[in-house]
Amino acid sequence: MNALPPPPDIVRSAYAELIVTSLADARHFWVDLLGFVVTAQDASALYLRGYDELTHHNLVLRTGPAAALGTLAFRVRSGADLSRAEDFYRALDCPVERVPAGVTRGIGEQVRAQDPLGFPVSFFAAAEHAERLQQRYDLRRGAEVARLDHFNICVPDVPAAYQLYSSLGFGLSETIEDGQTMYAAWMYRKQTVHDVAFTGGAGPRLHHLGFFAHEPHSVLRMCDILGATGEYEYIERGPGRHGVSNAFYVYLRDPDGHRMEVYTSDYYTGDPDHPVLRWSVLDPRRRDFWGHAVVPSWYSEASPVLSLSGSVVPATEIAQAAESAARVGADGFTAPPRAPSG
Amino acid sequence: MNALPPPPDIVRSAYAELIVTSLADARHFWVDLLGFVVTAQDASALYLRGYDELTHHNLVLRTGPAAALGTLAFRVRSGADLSRAEDFYRALDCPVERVPAGVTRGIGEQVRAQDPLGFPVSFFAAAEHAERLQQRYDLRRGAEVARLDHFNICVPDVPAAYQLYSSLGFGLSETIEDGQTMYAAWMYRKQTVHDVAFTGGAGPRLHHLGFFAHEPHSVLRMCDILGATGEYEYIERGPGRHGVSNAFYVYLRDPDGHRMEVYTSDYYTGDPDHPVLRWSVLDPRRRDFWGHAVVPSWYSEASPVLSLSGSVVPATEIAQAAESAARVGADGFTAPPRAPSG
Amino acid sequence: MNALPPPPDIVRSAYAELIVTSLADARHFWVDLLGFVVTAQDASALYLRGYDELTHHNLVLRTGPAAALGTLAFRVRSGADLSRAEDFYRALDCPVERVPAGVTRGIGEQVRAQDPLGFPVSFFAAAEHAERLQQRYDLRRGAEVARLDHFNICVPDVPAAYQLYSSLGFGLSETIEDGQTMYAAWMYRKQTVHDVAFTGGAGPRLHHLGFFAHEPHSVLRMCDILGATGEYEYIERGPGRHGVSNAFYVYLRDPDGHRMEVYTSDYYTGDPDHPVLRWSVLDPRRRDFWGHAVVPSWYSEASPVLSLSGSVVPATEIAQAAESAARVGADGFTAPPRAPSG
Amino acid sequence: MNALPPPPDIVRSAYAELIVTSLADARHFWVDLLGFVVTAQDASALYLRGYDELTHHNLVLRTGPAAALGTLAFRVRSGADLSRAEDFYRALDCPVERVPAGVTRGIGEQVRAQDPLGFPVSFFAAAEHAERLQQRYDLRRGAEVARLDHFNICVPDVPAAYQLYSSLGFGLSETIEDGQTMYAAWMYRKQTVHDVAFTGGAGPRLHHLGFFAHEPHSVLRMCDILGATGEYEYIERGPGRHGVSNAFYVYLRDPDGHRMEVYTSDYYTGDPDHPVLRWSVLDPRRRDFWGHAVVPSWYSEASPVLSLSGSVVPATEIAQAAESAARVGADGFTAPPRAPSG
């Protein structure tokens, strides 16, 4: 990819659009239970944000015939970066389009592409601001989500995804690997563990959207609320501590099966020589620091993604060794010592 | 049992004695990792307490040839209650003996019996006091256990256990049942959810010892420590929120397989008309309020118990319907509404 | 007092009635901000409880011409204890009356007295139950108060109050004293640090009502809510850690100036030989374990109390040395060592 | 300052050097009590870091004849930025020097300057890495400090400091002001509220070093430890919630009087259009969101700073209106509404 033009200066993962089959059901899950703030609602869509978010939204829930990912949107530094994004994806022979300001409510002009991995991605430099609710403790409910933290996507070829996002200027914070295979990787633009992560599996599919909360208390409270209302089946995995990222987490599935993570803690990655933390696929703590097994659905299920024209992008089966099938005795990495090394 | 003499006035579950096969390994688990306070140690035993405990110990770890429960000890109100305990168990044709003060270090005279359920139980009215460490935050480590909270025992016939402890003056706080079967019950003398609980299963066996910690933070921290040292295999189940008791918990297994629970929260039960909370065996929230399945070992594995002469008491297979086999469609109880009723 | 008849068997401090000048303002403070559960409301009163409370209420807010304490109500074990209460206070030459069931909504027959300290006290054995909301995490708001914990009263003669409550069968958990003077004392019936505490000062006056919350998080959240709404002037003192009781706390003042405490943690006191913890008045940690000075209003301000006929009981000035005036150099106690002794 | 050369690309505030009069006393405070990790120690200095820190240290404690600030060190992106730093400060007619790698243990070549405000500042691009202890929960003690967060400095002229750091490329997150005066300002390079903040007062002096912890629990625990050991006099102010930054905090003073803050939470500031939050000096919540008064010493006391030659830089009295003297009725800003606006 050495002939690629300079990439856009991406600031962070900023919002996602999910296609949901019932706006009422989605509102119940995301607003009534999880406590997201409603910036706006119209007949076909809900625009939601966390309590710390100052831009218009972190999540668009749009009605459609079947559950899918509509787009993964990244904020870029300036308008010039929109042109860079356009050039970058065109150079990769990807479908690219300009979307005028306001087509996505509250968001300025966007460049959209179906990237080489098959995902619908958007880039914008300007957005309307919303009311600052950061200190409105009187309004907080549910998981008290602060902001979007990251996108986690299923890709059949993790090294290919790593290469693409490296060329987009993302840093690598952590991996799961052995001597032969990179099973998963976490990459960042903002100074956290990640803006995007790759989970090996049939793809393109959306594995989950990660939302940041300030305290582990919010993770536990969210589960207690779902127990109280009898809607505990929305809880798929956790709460637990991740080995990777060190974050405290819980995974929920919305009424359409979209997976979301309430994610707290993690760490600063802004130093230019920030070292990569490489986890052995044989270390049971990589996915759950307490050694709990990952539920099978977490590895196998994910949301389909839409093309720019709105059709579902067919998923390609995994092209590499599957993490869920990794076994002690695999080549390359030895059994982990008591603590991972940086 | 209407001919029974008056029972002793039991104050609370006070300490347990566990037989362990390696005092060094047990010390590593209970002291180095869990952070219990060592009141005393001699060649064959460790005497441990929580940070809030003002009496000599909550736990004796004594070396022996095989892992077993040595005794479950209850505090009684006065010396006269020792005689009542003696009479009570003799009237039930149980083996009973007086144990002079100091035979168990730090503990006054005791009455010991092998109760009708087969368990070794002890009663004492006097004990040495230990240094008050409640506010020594500088010393706190591990799970920051405050005190013993309860004994949970496996019995093949839950109603028989319920009857025995009712005749001993215990109140009933919660049950798991359906129209035909009482699968489990929680009973108290002190003003918490329980001092003793019964889990249906082969018995007599010790299911677990429950220790109280003040904050959910301690439960999470304990797991994080076990992840950090690579000893996460000691974590058997949780962390989670119980439906029964509303407590936040984690279950660990010590190097000999003895199960212990770090248990926080629960509620006040001291009112004379405190109502029983009855959970349907069909409500997945009864054992984990977040609906997570219970790991099989938690239902099947438990510690053998010793007779007064120190031999293992053979366990009798469960005589009633097993909770782990209860299925939707069982008679009597309908599917639970969204919240349990008092 | 050796000729006193046997006292009633008091279970615990159960509810208080406060006279407020505006039910709307009181409802805003106690319900909208603090999150108390409304069991019932009528034209002149609000009946509130915590989320764990199973009886009808912990607090009655009743309109009246001026802010005052209406009554401090204790639950007794049985109907026979109502007669014992009547006899006990008559033997002390106190005004006593029987109040029929339902006069206080949700509460059975009561005995009311103006006790020798001048306080209006009530005793009841029966009460209606309210819906169990303990696990309705979806409903929790504000300070997430679980139940009433204690009454703290201002008395001009602390030893006299100590004697009265000793004769009522209360245990002594902690004191503030020096060689000559008992400045404050904490006494219990239920198995916590206290049901009633005495603060030396002009009296009879109500110092505060203490309400139990399960987690320090609730104390911090309550303050953050009051910051968010701009009503931070309701915060009088704290948050902080008490030396006495070891509880984490904050003191608020309601719109009528009634003081309430959100109180978490404390410890078990149910053992018959539970030792008294005696704090030197010279130890700055006794009132705030972090050594912070107590704000002057906390020592000087308190609510007047009503007689059985509804008139304000005149307060008598303090008859002993005042804690707020205690100075290093006072007789009897030396400067504290690093940790209090049990 | 339009003739200034381009500034160095500063990554973040990285470490500070404090001169202490007793290394043993300093070690007791910073290591034994606060729980800092010791990377290295030699006869004259201790090199400490937080648990998340991957570079050699966040704090150097160096023995000297009197308490003072030795330097405030910033990490820059590359070696070329060292030259830019040199040029930048020379253009401002400041004393500047190159310090070879290793002069400060673990740190590569540095540029040092006495900046126009009188502060000793250092810049480095390379540092040795230390062992990754982020997930060593078994080692955590004290306040469980993760990393250095910010420097807060006393300056007699806040707008002058704001101009200097603007020219260095820092963003402005929050201010305290009225229509006429900027009383305080918070500025950042990394994506948090600040790397440096200015408190109006006699200067140059160091107001405090802010260290990040992950949870409010750590702030409370630190205070409880200081209560437990009887060293509560190290606590100067708090715990509390800041209005500015929204962080939960406590301020401690070390044995030499150096002030440090345990600081948790705050928020993401990485978006290019991140809006400034301007607090009125009349809003009591600006410094403590719960409206508590700031203790006088917090406004008046601070550490002297050393010149490059090691002599104390004389402090200049405040040249503008003092925040501590601001009163309701000041021009320009009206009384705050219930919540600050962004």
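To keep things simple, chains are lettered A, B, C and D as they appear, and every chain counts its residues starting from 1.
The working rule: a residue touches a chain if its C-beta (ideal position, glycine included) is under 8 Å from a C-beta of that chain, and two chains touch if they have at least 3 such contacts.
The model shown is predicted, which means the values in this text are computed figures rather than measured ones.
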Q. Based on the averaged CA atom positions, which chain is farthest from chain B?
A. D
Q. If you tally the C-beta contacts, which comes out ahead, C-D or B-D?
A. C-D
Q) When the centre of a chain is set as the mean of its C-alpha atoms, what distance in Å lies between chain C and chain D? A) 43
Q: Let me have the rounded angstrom distance from the C-alpha centre of chain B over to the C-alpha centre of chain C, please.
A: 33
Q. How many Å are there between the centre of chain B and the centre of chain D, using C-alpha atoms for each centre?
A. 50
Q) What residues in chain B touch two or more of the other chains? A) 135-136, 215-217, 224, 227-229, 243, 289, 339
Q | chain C - residues contacting chain A, complex | A | 135-139, 215, 217, 221, 224-225, 227-229
Q: Would you pull the chain B residues touching chain A in the complex into a rising list?
A: 216-217, 220, 223-224, 226-230, 232-233, 235, 239, 241, 243, 248, 284-285, 289-292, 336-339
**Q.** Touching residues on chain A, where the partner in the complex is chain D
**A.** 11-12, 52, 54-55, 75, 77-78, 126, 129, 131-132, 134-136, 146-147, 190-191, 214-216, 243, 246, 265, 267-268, 270-275, 277, 289, 339-342
